[in-house]
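Next come two complexes built around chain A: one with chain B, the other with chain C.
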Partner chain A sequence: MNASVLPQDALREHIQIHGRLLAEVPDALSNLHQAGRKQLQDQALPHRRLEAWRYTSIFPLVEADALTRPLEDADPAPARVNAVNQIVFVNGLLSRVALEDSGLSVRTWAELDDEEQTALIKASEAAQRSGEHPLAVVNQALASEAILIELDDSTELQHPLVIEYQCQGDESGSAHPRVWLQAGRFARADVVEIFSQQAAGQLHNSVTHIQLDAEARLTHTLITPESDGFQVHGIHASLARSSRLEVMTFATGAALRRLDLNVRHAGEGGELVLNGVYLTRETRHFDVRTVVDHTVPHCETDEIWRGIVTDESRAIFNGRIHIHPHAQQTRAEMNNNNLLLSDRAEVDTKPELEIYADDVKCAHGATVGRLDDTALYYFQTRGIDRKTAYRMLSAAFVQEVIDDFPDTPGRALATQLADQFHLDTSEQA
Partner chain B sequence: MLNIDNLKARVEDKEILRGLTLHVRPGEVHAIMGPNGSGKSTLTHVLTGKEGYEVTGGKVTFKGKDLLDMSPEDRAREGLFLAFQYPVEIPGVSNLQFLRTAVNSIRKYRGEEELDAAAFMRLAREKAKQVNLPADFLKRGVNEGFSGGEKKRNEILQMLLLEPSLMLLDETDSGLDIDALQTVAEGVNAMRSPDRGIVVVTHYQRLLDYIVPDYVHVLAKGQIIKSGGRELALELEEKGYGWLGINDETTEAQG
Partner chain C sequence: MSRTESSVDHLIKRQYEAGFVTDIESDALPPGLNEDVIRFISAKKNEPEFMLEWRLKAYRAWLKMQEPRWAHVQYEPIDYNDIIYYAAPKTNQDGPKSLDEVDPKLLETYEKLGIPLHERAALAGVAVDAVFDSVSVATTFKEKLSEAGVIFCPISEAIRDYPELVQKYLGSVVPVKDNFFAALNSAVFSDGSFVYIPKGVRCPMELSTYFRINAAKTGQFERTLIIADEGSYVSYLEGCTAPMRDENQLHAAVVELVALGDAEIKYSTVQNWYPGDEEGRGGIYNFVTKRGLCAGPRSKISWTQVETGSAITWKYPSVILKGDDSVGEFYSVALTNNRQEADTGTKMIHMGRNTRSTIISKGISAGRSQNTYRGLVRVSPKAEGARNFTQCDSLLIGSECGAHTFPYIESKNSRAVVEHEATTSKVSDDQLFLCQQRGIDPERAVSMIVNGFCKEVFKELPMEFAVEAGKLLEVSLEGAVG
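Let's turn to the complex of A and B:
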């Protein structure tokens, strides 16, 4: 690569190369790709001068050539958790769909009629129009597969739906799976999205659109294990009247990891819980940006994020809650607390409230601290060695958030990954 | 069992202990009294191994072993227990989990079998009753939101569970009303036995009405300047520290 080329320009070139590869073999996804490419023309790609990308450089993506080609089709590994309702993607391509509960259906892009496709493309464009989701636009332009998951009205899903995204092989390249999840009126479901690790040089860039109709209730648990590659995931959710969404995230670090969680309160009486835990170590990176829009009155948002950041890792929390002028009687709370366990680690935290209505209850806060020496000493005077004390104290910091996750295989997996992290990092105590 | 000989220690550049000697034999109760800044808290923290205290002279043996050479956790496992003046709040770690980890660390060190959750729960409930702590305190975070008296009773609960051979009580009476003081004292007295030693560190003699000492020592400027029987505490109560030529309240450093 020519050193004088800006990374975002190089990235655009890589995307074009990838796009031409896809266009050589037209398939059912071509109309989705085309619409995406069109949006991409007016879309600024991420660079460090954009506030939303200030702390995360896309240079490693450029350097690894991750975007110039798709990941090859590959055989699946055994699923991480066994589930009655299961969808598995491998390298961005749909590998397995097994649904046992009634009222739940999955269709691929090819199985949708023109009208449905047009509606979904429109919905995506609306969500991406702000210009703040460049990698979601890239996902659309290069989509590896797109599926529509539907929960019929009044369906109460008996078992969680587990969506697993695997990356196989060690060749560099990128995968861009896209999911639309629509929950009908009064539907109830627990959904878990589990990501796998990526090999160095691999990019997994996924997007999940969530649409909750009136009175629907959905929990959505995200699990991202440690990775040597790049992972980007965007959630774009819209909540109709009196619906409730819980998005619970368990995240670790990757060579580059970026989560964009966007929720729009579009109907009165909506409730949102947007909690997360992140644990980063070594030289890994984690960046989460949450944007919640209150556009109507009488909605609630609760957001708690706890992070433990150690070694030479870096974590970024940027949370924004935007209360629009008509959103009276909004209640919104956002907190971000960090344990910084190494002098070489870095946390950047920026909770933001933007309020344009006058009758609202809102609060936000952020802390960055270390493990309390007095607490460690207290444990020791009771015969508990320093390593165990360190492990118990760091676990205590995040476990109460994980304990609030809905009871799905996601919570068990998060607990297991967190325990391993605490055990490994306490070795340095 | 505890032999402190000519102990000298400093915090940063400030010399706090200046040659302190104290011998505690099994079964004895010693009270160390002294004004603020005399070195009382420094003594307890040097004995338990808190960071930030530098020992510059003297030696301490506990059951014949060099105490100052041990990690804080090994001192506890050998049977040393400090009841804190200000017990630490630890949200997120349940009292039960904390206590069980502590008890099992010590049992393991002694080569005893670790207690399972059910067996420990029974034991903890029984001991909690003894110090008038309702059982739901076991489920709460360690000292989280406890009142001053509840924290001190929780310290005594830990002491009852860990069954130390030497107990150091650091200003255990501070912040306690009479009822709480009595409960705490009963807990301590229940532990009195011919093979245990107790060192009560206190500014006032009030606690000594309930935990009656065999010996009373007056600590001033990092040394024990006078020792006697119980009557010495009463004399101090009546006459104040000025009687011994010690300037109370004016000393700037908190021991």
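Let's turn to the complex of A and C:
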């Protein structure tokens, strides 16, 4: 690559090359692509001088040429968890849909009528308009698959819906699956999104739009295992009156991992829990940005993020709670605690509050520290060796949050991955 | 209720008490900025060659820089060629040697502000280096200070008399290219204060400077440099008020502090510049770069500020904790009312081992103002055992104001501990009700609650400043409660 070209300009060029490849074989997704390309024109692509991308460089992405082409079509691997309601994507393409519970349906983009397609495109555009989600727009412009999942009014899902995204093969390239999830009035469901590893040079850039109608309740668990590739995932959620959403994230590091979790309180009485755990090691990178918009009165947000950062890894937490004018009687709390366990690792945290209404209760806190020496010593005086003490203390630090995950295969998987992480890292203690 | 309303009405329409113009003929340049203006300023001050070169270097760098836009404030674009870069009150050629020789009109100005210079100086034992517009005109207690070996003089004088000190330290903490406004200041600064405390000396009195912006359309570009040599101590007070103006006035000051080993600098500010009228017209643009360097081991720099004035404030007093075991502190109360906008906070850069920093920030927004805390705590890989505690609380008064918090924490050392906490709330109806039950009217109650909210910061201020700050807050808040 020419050294004088800015990474964001190179990225734009890569997207154009990819876009031309897609345009060669027009398919059902063409209108989605077109709208995305149009929106992309006046969007700044990520670069370090954009506040939202201050700590994450996209240079590795450019260097790997991951965006220039789609991932090759591939066969699915066995699913990571067996679920009654299951959707599997392989390299960004829909590979398997098995739904047994009633009141739940999935349609691909081709199965939607024009009106529905237009409405979904419009909703995406509105969510992406702020200019803060450039990669979500890229996802739309290069979408490899788009599906609509619907939960009928008053449906109470008996089993969790598990969506699994697999990346197969070791060729570089990118996948851009897009999911709309609409929960009708009084619907109840647990959803789990599980991501797989990517090979070095592969980019998995997914977007999930969640829309909760009045009184709906949804839990949404995200599981991202360690990866050598690049993984970007965006959630854009909108909460109608008296609905409740729990987004629980278990994350590890990747060559580059970026999560953008955006939730908008659009109806009074909404409740949001936005918790997460991140565990990073080696030279991996994790970056999460959460933006919660309170646009109406009487809503609540609770956010707790815990992270353990070791070796030469880097973790970035950027949380923003924005209370718009007239969003009175809001209660919002955000906490980010980090264990920084190596001098070559780095933690950057930026918990932000932006408040334009006076009758609100808002608080945020952030800490960066290490394991308590006296606690380690106490364990040792009781005959528990240092390694075990180290493992128990770091496990306790994050397990508290994982234990609050809804009872789905997601929680079991998160616990298992966390245990492995603690076991491995305590070896160095 | 109607009584409260009418008193509120009255208070809302209250004029800025310090708003008056002293009529002193200015020896001013026409508006505009180019290299000749810089040469003129430099020549006017009889500066040595190195200063002119330094200024020109800053100016050339400034030309290539862009005005920062990241702060959470909105204001009309500034036309830098519509600013007068030099204005000096006409005085005797030699300048006054004592208070008696000071232009009585100047003294009158201070009297109107309720801080009679001579009285204050005599009573409080404070040496005042008064900056009136751009040239220092009165310096008191000089002899007493020089006995202790302390140098406290206008920076223009220091450039002539102590060029080796100035050359060594000027721009060492805030380099000329540091930011847009610092570069502009470096190019055109007119005057300011210079302090040097020799080794092991505890400055016998609190040093104080009163700034006033006076002549219309005069950008004020102070430059302050304080050097505390090994084992010394100094407490420096800075306070400001300004006359009423319709046009926005730019103020881009630079303050540099250097604390060598075991030295301590305490820098306190009460800022009450004209904030504009209820609609935000007029008012000062306050774009200030303040930074301290804890250069030696066990040194300490403490910033305390009470910010109630200015239409736009853009100010981040920072400490670079380079020496091992050095300490940085930042205590701030920022109050905004009407249409005021403040984006203020601090930066604590931990470089040395076992460095410690404390940040206490209290933001109060009323009316339709916007109040932002923006802070950075950075722990470099070598800052083993570094410790930071940050607390920033916001209080909202009125439903149309905004309070924002943007803290940045960057940690690269596993033996460092960084803590940040922030809360936002309003003056609760319960608290107000309780006070009213006890016969305290709402205005008084709010003022009490706000004073309690700010107590942690006020207790860091020197005594006479604390009293002034409490009063200032009360006055600034009047009309905000309905």
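Here is the rule we use: the second predicted complex is superposed on the first by the 429 of 429 C-alpha atoms of A that agree within 3 Å, B and C clash if a C-alpha of one lies under 4 Å from a C-alpha of the other, contacts with A are read in each partner's own complex, and residues count from 1 in each chain.
Following the convention adopted for this analysis, a contact is a pair of C-beta atoms (placed from the backbone, for glycine too) under 8 Å apart; a residue touches a chain by one contact, two chains touch by 3 or more.
No experiment lies behind these values; they were computed from the predicted model shown.
Peer 1: Have a look at chain B and chain C on chain A after the superposition and call it: clash or fit.
Peer 2: fit
Peer 1: With chain A at the apex, figure out the C-alpha centre angle toward chain B and chain C and round it to a multiple of 10 degrees.
Peer 2: Vertex chain A, arms to chain B and chain C: 70 degrees.
Peer 1: In the overlay, work out which of chain B or chain C sits against more residues of chain A.
Peer 2: Looking at chain B versus chain C, the one contacting more residues of chain A is C.
Peer 1: Touching A:347, do we find chain B (first), chain C (second), both, or neither?
Peer 2: So A:347 only meets chain C here.
Peer 1: Should A:68 be classified as contacting the first partner (chain B), the second (chain C), both, or neither?
Peer 2: Touch status of A:68: no partner.
Peer 1: For A:360, using the defined touch cut-off, is the partner it touches chain B, chain C, both, or neither? Pick first, second, both or neither.
Peer 2: second
Peer 1: For A:34, decide between first (touching chain B), second (touching chain C), both and neither.
Peer 2: neither
Peer 1: For A:396, is the partner it touches chain B (first), chain C (second), both, or none of the two (neither)?
Peer 2: Only chain B is touched by A:396; chain C is not.
Peer 1: Output check: A:329 vs chain B and chain C. Expected answer is one of first, second, both, neither. What do you get?
Peer 2: Neither: A:329 stays clear of chain B and chain C.
Peer 1: Using the touch definition from the top, say if A:374 reaches chain B (first), chain C (second), both or neither.
Peer 2: So A:374 only meets chain B here.
Peer 1: Between chain B and chain C, what minimal C-alpha to C-alpha distance in angstrom results from the superposition?
Peer 2: 15
Peer 1: Take the contacts of chain A with chain B and those with chain C, and give the residues found in both.
Peer 2: Overlap of chain B and chain C footprints on chain A: empty.
Peer 1: Which residues of chain A touch chain C once you look at their complex with the stated criterion?
Peer 2: Chain A residues touching chain C: 51, 325-326, 328, 338, 340-370.
Peer 1: Which positions of chain A touch chain B when the two form their complex?
Peer 2: Interface residues on the chain A side: 372-375, 377-386, 388, 392-393, 395-397, 399-400.
Peer 1: Would you pull the chain B residues touching chain A in the complex into a rising list?
Peer 2: Contacts found on chain B: 48-51, 71-73, 75-77, 81-82, 84, 87-88, 90-93, 97-98, 101-102, 105-106, 109, 141, 158, 162.
Peer 1: In their shared complex, at which residues does chain C touch chain A?
Peer 2: Contacts found on chain C: 70, 379, 381, 394, 396-426.
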